Amino acid sequence: MKLVVTTSPHIRSSLSLQKVMYTVILCLLPALFWGIYYFHIRALFLLITCSISTVVTEIIFKKVRKKPVSIGDGSALLTGVLLAMVLPPYLPLWMAALGGFVAISLGKEVFGGLGYNIFNPALLGRAFLMAAFPVQLTTWGIPARASWTSLDAITRATPLATTLPKFSGNGLYPLQKLLFGLHPGSMGEVFSIGLIVGGLILIALRIADFRIPLAAFLTLVILSSIFYFTGENYPSPSFHLLAGGFLLGALFMATDPVTTPYTKKGRWVFGMGMGALIVFIRLFGGYPEGVMYSILIMNAFTPLINRLTRPLPLGGKK
Amino acid sequence: MKKLSFPGGVHPAEAKLTASAPIENLPLPEKVVIPLQQHIGAPNNPTVKKGDEVFTGTLIGKGDAFVSSPVFSSVTGKVVEIGNFFHPVTGKGIAVAIERKEEEVLDPAIKPVEDPENAEKEVLLETIRAKGIVGMGGATFPTHVKLSPPPSKPIDTLIINGAECEPYLTCDDRLMIESGQEIIKGVKIIQKILNPEKTFIAIEENKPEAISSLQKLLEENMEIVVVKTKYPQGGEKQLIKAILKRDVPSGGLPLDIGIVVQNVGTCFAIYEAVYRGKPLYERVVTVTGEVNNPRNLRVRLGTPVSCLVEFCGGLKEGVNQVIFGGPMMGIAQISLDTPIIKGTSGVLALKRKEFPPEYPCIRCARCVDVCPTSILPTQLAKIVKFEKWDLLEEYHLMDCIECGCCVYVCPSNIPIVQYIKAGKDKLRRMKK
Amino acid sequence: MKSYIVFIKGLWRENPVFRQILGMCPTLAVTGYLSNGIAMGLAVVFVLVASSTVISIFRRLIPKQVRMPTFIVIIATFVVLVDYFLRANYPFLSKKLGPYVPLIVVNCIIMGRQEAFSSKNPVWLSFLDALGMGIGFTLALVILSTVREILGFGTLLGHPVLGQWFTPWVIMALPPGAFLSLGVILGINNTFQKKSTR
Amino acid sequence: MDFLLIFLAALTTQNIVFAYFLGICPYLGVSRKLDTALGMGMAVTFVMTITALFSWPIFYLILIPRNLPYLELPVFILVIASLVQFLEMYFRKAIPHLYSALGIYLPLITTNCAILGVALFMVLKKYDFIHSLFYTFSTGLGFSLALLIMAGIREDLDLAPVPKNLKGAPLALIIAGLLALAFMGFSGLVKGG
Amino acid sequence: MNYRVKMILTLLVVGAFSGGSLSFVYNKMLPKIEANLKKEIENSLLLLVPAASYKETSFQGKRVFVCRDKAGEVVGYAIIGKGGGFQGEISLLIALDKEGKKILGIDILESQETPGLGAKIDEPFFKKQFKEREAEKLEVIKGKAEKENDIEAITGATISSRAVVSIVNNYVAILKEFVEQNR
């Protein structure tokens, strides 16, 4: 009989990389389905374009670098799906494809591929598009006709944009609409309930760590309450939570393990920084929405945060 | 009550298949192969030669150094060979092969200590040394060394380790249930030697029977502490953290903070050495996993593992891995001829599937969260992988206890411990 | 033959930007438009050539201990000349290049050439060396600003070159675009360099 | 409020590296390790502030009254060069501790355009003396911040299989680009300067 | 020669040479440079209020211009306004007619708005919206202008558009005050 020799430990938990990635995609589905239903077929096209673009880009890079093609792990697909979810549903498809290319090339492969990137690839793709095509990236809409296959849109401002000039209360959309996703916005961000459910499942499964979302949530609520209750005409904390990309960002993007701190303390710091930046950018910054930039900025600080919060080994001295 | 615990750790399936299987004596094998090196420390030299007749308990190897521990024949018979044989830890090593005779005779030198209750400390220590007692918790460090702390380091606390946190293993559990009295006597001997202010017997909460049976036997200045069921609760630094909330300094020993930790099996062996004069030539081994009848066996050292397996009804169809020890820290064996030694607490048969490939680390920090020594396993693995040797110490490589928690949880299947061992090798070589 | 090599090496083989990674600041700052890139390139060519020549002429007269201050003063003089020249005659360009013209003073290419070459070599060679390096620098600016102007505005020297269909990439006109395009160009350049040395 | 705005702007929207592209060569050169980045950052901050301390009075109390604005550039650069020399000598003798921390970076700073840059900006922005000091100090901190972030990232990338052709300057530039992209999030938030 | 002397001599010579040549060039170029600076504003002024002479004065710390024709008759007034835009400060020139009732036009002097986006505030289609407006509070609107005082925002640059309009509103008020006092 042949005995195989391996190093200890000889048993493993059942979690695998593939399971992690595909579970995240599954948890995104409620919000994703709603986005496609609400914005009709263009949203579906957007999803397909982004997914193909990220996956193909990754294949090309792996081939050029003569590395094994590892599309099966699902991370490139996940990046594509998330990218589609944060883009305006009526964005020209070629821009979406460019975004996917940038997300994987500049956002992931230049750093060495999966696991080594500094910035969140999906958001980096979006930030690139935002800087390249600001007009298109701030043009939002809802379907022009009831027909499901209709390609036209009526331009409508998002809830956050209706509160401009900074600031005039909660804008035009009541909270019920925000909860059920009956408002313009990015394809994947509108259906708040779906995002909350999916995100909580992700946290319950321990695939996402609760610390960053919780810290961001608390910081956002506390800071926005301070403004809401002391200033004139600032939007309410619940509006902050539901009107923009906060839920999608905090639950699915700030929890990206690769680009966030690996220490527990660091994750609290990351979440607090993110929450504070969101409030300040939204209330005082040049953009209506700050979720993307807050995450990217905190991504940049992540190596330093890791450094400063490095745990002391048991019984260790500095 | 909040269960005593330490930060980090994992909860693999307990799989204590043999928890209610009483300890049985394994029939004596035809031939034993007794490695001369069964402890940590200086090597032993053989004291017998080919052709010698030996009794059960006859000294067959010893060393001169303080940190060494003699080995004894485990059967009565004839030395047929002294040579290189399979060794469960080092792969191959010098061993004495003895062919058994029908009749068993105890070595005449075996005599109990007189009036053990009132014996001198020095006598007790010398007995422990002479009878080849080593730590049975797996480390096999010579016990008399551990029990001779330098005067500059007084011991205030003794912890008896009955945690047995490795999945599958039940030998300590059964020993506590069946031989509580003997263990308590062993503990008293250690107390006598060290004179600690406090003594704790630590048992994981998943062993209620052991807890209740020992509870009845406790003597003064002994206390049972129930610790949380979690791997590696039995690691001494973790146990100390859990019970006393004290940290063993990085790179140091429990001794440095006035603590000695001894395994329950060690206490039992001390009892036998002192009260019966018996050298360490047998031990309890859990044979478990994919064998047909998992059991707890009392086994003579040097018995090839094939005998144990056969007694337990043989391996199940498809078994392709046999491990000495538990699934988390045990060592996979190349051959079924490998002998049981002092430190072998279990024999685990597994059906291993095709190994999953190693994927890139996604920095999910699961390894960081479970690491009981709070180091950064993912960073260490990468440092070794990309050969940035100068960073190893900055990231506290040497603090790793190789418990394997990090590998257990890693979704990317990164053999972190393997990288860490390579790193430790490199560091030692660089220091030279 | 030797003078030919002294001149030609700065163009590509020892190109200050692509190969020596020097003079990054102006390279990034003024390459939003091709016209700015060319103007900056020419300004550097002038300062580099003039100061190299002057320093080479007087190289034996300048004591070692005061070499740095002397060089600095000489370079600074020529830089201010260029600055005032632009301000007087091309106010529009001058405004666009802003403080980056005076900052030519500290451009390491210029100081580096004095230290490495013209303080040790005869006038003619120093002149050629400076000219080569200056043109190499200009070349790099031209390449970078061409990419950025085309992608960022769809124009070249202000003339539309891509049709109506093209949506300009605003990012190319912004700081991130500058860093990213230079990084990508350097990466591509590395690839070719490796290929050709292999 | 004035000071706060100057401070925040120098760190973010008007960051000398991300917005003005100054000091890029040292930025690429000494951002490989956090320790050196910290040392360089402190040295630059220190020298920038001292530069303002000296060149502001020289410019406004000597050059301008005498109608010699054209000497601004040669004088500033000479001030910087000699300051650095003096500081180095002084540290070496008087504060060896500081010398070992900052000294090795001092000679490298002379030809750093960021230092001359802030001195010129200080004049362009017409700051008074106190504001100039504060502005140059903040700008130095902004430079240090950019340097530290970059060094943190590059230390991480030491443990990554980055493509060979991008190693070094190309990747550092790309990262700087991505950082500038992320820092765009501050636009409008701080309208200093 | 003593090397110290030589050092000092070298520095002196170089310094003198440098100072000399710079002073020469400076004095030669200065008029042209100053003319350029003046021309920049005058060019803008000429576009907004064609006149023969522009007299600059200061009012409430702002730069104000009184524009007269050949005959010395006042034909209009202008003011340099400043305010925060999307990226940094925007400075622009605003001209009013001689009654201080109508805006004659605006021109952007300096801005750091995003090229291709906010920088479009300097394009005619945006600036000409201000021409001939009543000097009342103007308002920015996204999409088609409907009311009297609506200014159409530049697509994707509402913030810059709003910044310009708010500067115009603020400084028109100041200039009107000036006109009141100086009539």
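The chains carry the letters A, B, C, D and E, assigned in the order they are written, with residues numbered from 1 in each.
One rule holds for everything that comes next: contacts are C-beta pairs under 8 Å (C-beta built on N, C-alpha and C of every residue); 3 or more make two chains touch, one makes a residue touch a chain.
This structure is a prediction, so every number in the text was calculated from the model and none was measured.
Novice: Going by the touch criterion stated earlier, list every chain that contacts chain B and also contacts chain D.
Specialist: Chains that touch both chain B and chain D, as defined above, are A.
Novice: Which chains, if any, touch chain A and chain C both?
Specialist: Common contact partners of chain A and chain C, which must touch each of the two, are D, E.
Novice: When the mean CA coordinate of each chain is compared with the mean CA coordinate of the whole protein, which chain is closest?
Specialist: A
Novice: Centre-to-centre on C-alpha atoms, which chain is most distant from chain E?
Specialist: With centres defined by C-alpha atoms, farthest from chain E sits B.
Novice: Counting C-beta pairs in contact, does A-E beat A-D or the other way around?
Specialist: Answer to which pair has more contacts is A-D.
Novice: As a test of understanding: of all chains, whose mean C-alpha position lies farthest from that of chain D?
Specialist: Chain centre farthest from chain D's centre: B.
Novice: When the C-alpha atoms of chain C and chain E are each averaged to a single point, how far apart are the two points in Å?
Specialist: 32
Novice: So the centre of each chain is just the mean of its C-alpha atoms; given that, what is the distance between chain B and chain C in Å?
Specialist: For chain B versus chain C, the centre distance works out to 70 Å.
Novice: Could you tell me the distance, in whole angstrom, between the mean C-alpha positions of chain B and chain E?
Specialist: Roughly 85 Å separates the two chain centres.
Novice: Where does chain E touch two or more other chains at once, residue-wise?
Specialist: 18, 22, 25-26, 86-87, 114, 117, 159 - these are the residues of chain E that touch more than one other chain.
Novice: Mind pulling the chain D residues that touch 2 or more other chains?
Specialist: 70, 74, 160-161, 163, 166, 171, 174, 178, 181, 184, 187-188
Novice: Would you give the residues of chain C that are in contact with at least 2 other chains, written as numbers and ranges?
Specialist: 69, 73, 76-77, 80, 84, 170-171, 174, 176-177, 180
Novice: Every touching chain pair, please?
Specialist: Chains touch in the following pairs: A-B, A-C, A-D, A-E, B-D, C-D, C-E, D-E.
Novice: Considering only the defined contacts, which chain A positions touch chain D in the complex?
Specialist: Residues 65, 106-107, 109-113, 116, 118-119, 124, 127-128, 131, 277, 280-281, 284-287, 290, 292-294, 296-297, 299-304, 306-307.
Novice: In the complex, go through chain D and note every residue touching chain E.
Specialist: 13, 68-71, 74, 187-188, 191, 193
Novice: Considering the complex alone, what residue numbers of chain D touch chain C?
Specialist: Going through chain D, the ones touching chain C are 18-25, 28, 70, 73-74, 77-78, 81-82, 110-113, 115-117, 120-121, 124, 163-166, 169-174, 176-178, 180-181, 184.
Novice: Looking at the complex, which residues from chain A come into contact with chain C?
Specialist: Those in contact with chain C are residues 95, 106, 128, 131-134, 136.
Novice: Contact residues on chain C for chain E in the complex?
Specialist: Going by the criterion above, the answer is residues 32, 61-63, 65-66, 69-70, 73-74, 76-77, 80-81, 84-85, 87-89, 91, 152-153, 168, 170, 173-174.
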